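Okay, so chain A shows up in both of these, paired with chain B first and chain C after.
Up next, the complex of A and B:
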């Protein structure tokens, strides 16, 4: 698409899904394994066109399960790998997502959320996969999930998703919803000098000394690229530092804890959220993704009516920003939690905020976005 | 200053295209713009619409709820959306395709877009005629913004006919 420039930045008018694809390329993505599914298909379509231009690889697999497998393989071979899907595909990917967690494969999984369960509403908005991101694959593991609300944020958070995947050697989820995926907005593309690109730590030892899960130097072990002489075993079974299976209870416990703590000990590098007018807020709105944009209008309208309301908008929804949520929960007399589902993130808000006042949802499915007025009336009820 | 525009009609008329052009022309005019479209099983012949929000400030809610401007190119779409138009808002409808109903607080402009497009040799550019008449009347973007965007976004073979359609829309005085 044609561009004009402002302040040296390229100005574009792209839909959210294209922003994801272009930002992934800016982050160094050179492999996409996917299976197209509405409303995420434009990501795959754009990557199929763009990746070959830069010497990258695009492969359309036979289904979403295989696509996730291809992404893990590419990641372990040294690529910055991504897939994009929507609810039904995210369900199918869960088994291999667990595998990616276990073998600590850095990769990015995009989910452009639609209505569900099952085939649900293929072409319409939903935000009902947010707990699936946290708990979808079995077993205990840390999860990083990013939920941008604006297209400039989609760009920066896509880059951040790759950086976090590389930094912590794990799958990172980037969650859009249908509204953000298909919304075209004026967007200034940042110059590469404006953002950092992180690459995984690779081993410096000789191949014969390499242990793929050796955490003596760091809680994130260096990762060797396959086919470079570093031969090691990869398995979904609990394993020791060499990668071979183990049933040693102490070792299993310490390795699983390490994989949790490599995330939870570094929240300062991961957490991201926006606070809007929280300083004097008596009522707080907590929401994410496209719904936060309705909430931003609602809190301004409520302020105009003299209601002291603010908003906490987690950009990193997992790990949930517990510290700030606790602080704000103590200060406010009520919390409104709008989400395009029948009540998911509200449980996390209730659990963490421990607010003395009511915690009420604005919950809507059916594919139609929550309107600002619907949030405003709930704010007014609590005021 | 936030203005909400809704383009509606049926699939195949270039409704979504008109929305995209309006959004992109807004960018050319250095406005914040957000464009969304009905997205579903709409194919040729069924109802579809595209919403565009233009603003001098960052756009919060990106969807159209109460359009300031409605551009209607089918009776079905007109009937569906006419009562959503903001009080004081403006409607542009293709008089060849829509019988307007009196609506309080809304100014309605009949544009013979299909006839004008047929006169210049291609009925299919009625969407560009409608868009141009609306732009001429509202002044949200300039004629140059619109023309340049159309040139950028269309195949070269359409340059002349689109130019004629823009002139027809701007030249029409109801």
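Up next, the complex of A and C:
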């Protein structure tokens, strides 16, 4: 590929899925366990080529479930591990995602969304896994999900996904959609000095004193690498600080709360969103991923017609940015929620914004993106 | 948006047309300092199915990355025309190979060029079809300079095929200039 540089940054022209793979490597990813599925396959393909070059490991597993299992194993062995999938594969992974939450395995799960349910539209856009990210695996747990819209953001959010996984010792979801996964656009690769790399906290105590879920020092317990002398029990059952199963109601309650609060007590480290022209906005658009790009055009067109409209674009979609949503919800007289599904994040907007005016969706599942004009006409209806 | 340009290259899978779009967009970025993006279709059929790639070139950052008003369309298969001739501007430049595409909407600015015949006669290998087509596209539109396009082509050409690719590109470019006379 022809490369050039600008301001010392390499300028490249890569599709979104390749950007994910390269950014993962920049974040220190050294393990990929996967099973190919459109439209995410290029992530796996690229990692299969690149990981061996840096001494990392790539494994194509027998199915999606095993791929998630391999990622959890690698994560507990000390690797920065990732898998990539799409809707149906994300469904299959849910059991092991729950396990990763329970054993607090830091890892990154990429989902390049397509249409659904079931096999749906393998090669076309969808954004219908947003609620699956939040509620897909059973049980109560905190979820971090990132939904970048531009390829420079795909790069930085991929790195952030690894950092958040390491920081909070949990699986983190990076959600692209087919439009972003296959889109190639101009991208300046940031210099490593421009971003931070976070590594998990490892124990400093002697192995015989180690408790894998000891939260006396921090709500995120230090994690020992397997095979380094720190022997401990790993189970999907509710467990005590030693990792062995417990049915003690008080302990189960406090441990599950800790796993929630390790996220919700640190929202300042996790939340990320963009506000566009919200200062004087009377109408607000709330959207994410590739659909936000159509909304950007619609907002510019509406402003040109004198309509005071702005946008809130959650980049961290889970946890949903409740504080800013509440503030803006109070101020505006109507909200438009475009999403490439039949209505998912709109429920969260309605719940949080408590807007006095109408909250209306622009919803589409045909595999083609929502066009700027479709959002514009909804804005005009509310204006 | 200023200097916004949308191009669609359509064919059937295997004609190498996705690469032509990739070359155009990366040349616009690398040699003209522009913003560009491309979105290929991603059909189940890798070879033989209708396929297209959409390229957008702009002097500013591209917000919506899909086409809405196409300035140029290349079409190398009737099925591709039937499936992908949408969102064309009324004055869209349409470039077709008349041996492959018989029925098009003549209200557009339609140019006919025997792209396959040119490739077969001069290059012997059909793998150079996309270079001929790219040259023709640049000749008709000058959306980026011929020098930039040529550099982009050479940067992407597999080692050892630079010269034949350049020859193929020039054939398409010259043929386009003939059409414009």
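To be clear about the criterion, the second predicted complex is superposed on the first by the 383 of 383 C-alpha atoms of A that agree within 3 Å, B and C clash if a C-alpha of one lies under 4 Å from a C-alpha of the other, contacts with A are read in each partner's own complex, and residues count from 1 in each chain.
Operating definition for what follows: a contact is a pair of C-beta atoms (placed from the backbone, for glycine too) under 8 Å apart; a residue touches a chain by one contact, two chains touch by 3 or more.
None of these values were measured; they are calculated from a predicted model.
When the shared chain is aligned, chain B and chain C each come close enough to touch A:11. With both structures placed on the common chain, the touch criterion links A:372 to chain B and to chain C. Once the two complexes are laid over each other on the shared chain, residue contacts for A:28 go to neither chain B nor chain C. Within the superposed three-chain model, A:39 lies in touch with chain B and with chain C [touch as defined at top]. Put simply, chain A uses residues 1-2, 4, 11, 13, 39, 123-124, 178-179, 182-186, 290, 293-294, 296-297, 300, 369, 371-372 to touch chain B in one complex and chain C in the other. Residues 1-4, 11, 13, 38-39, 122-124, 178-179, 182-186, 290, 293-294, 296-297, 300, 369, 371-373 of chain A are the ones that touch chain C when the two sit in their complex.
Against chain A, the residues of chain C that register as touching in their complex are 22, 25-26, 29-30, 35-44, 62-66, 68, 151-152, 155-156. Interface residues of chain A facing chain B in the complex, by the touch rule stated above, are 1-2, 4, 6, 11, 13, 39, 123-124, 150, 178-179, 182-186, 290, 293-294, 296-297, 300, 369, 371-372.
Touching chain A in their complex are the following residues of chain B: 20, 23-24, 26-28, 30-37, 39-41, 58-63, 65, 152-153.
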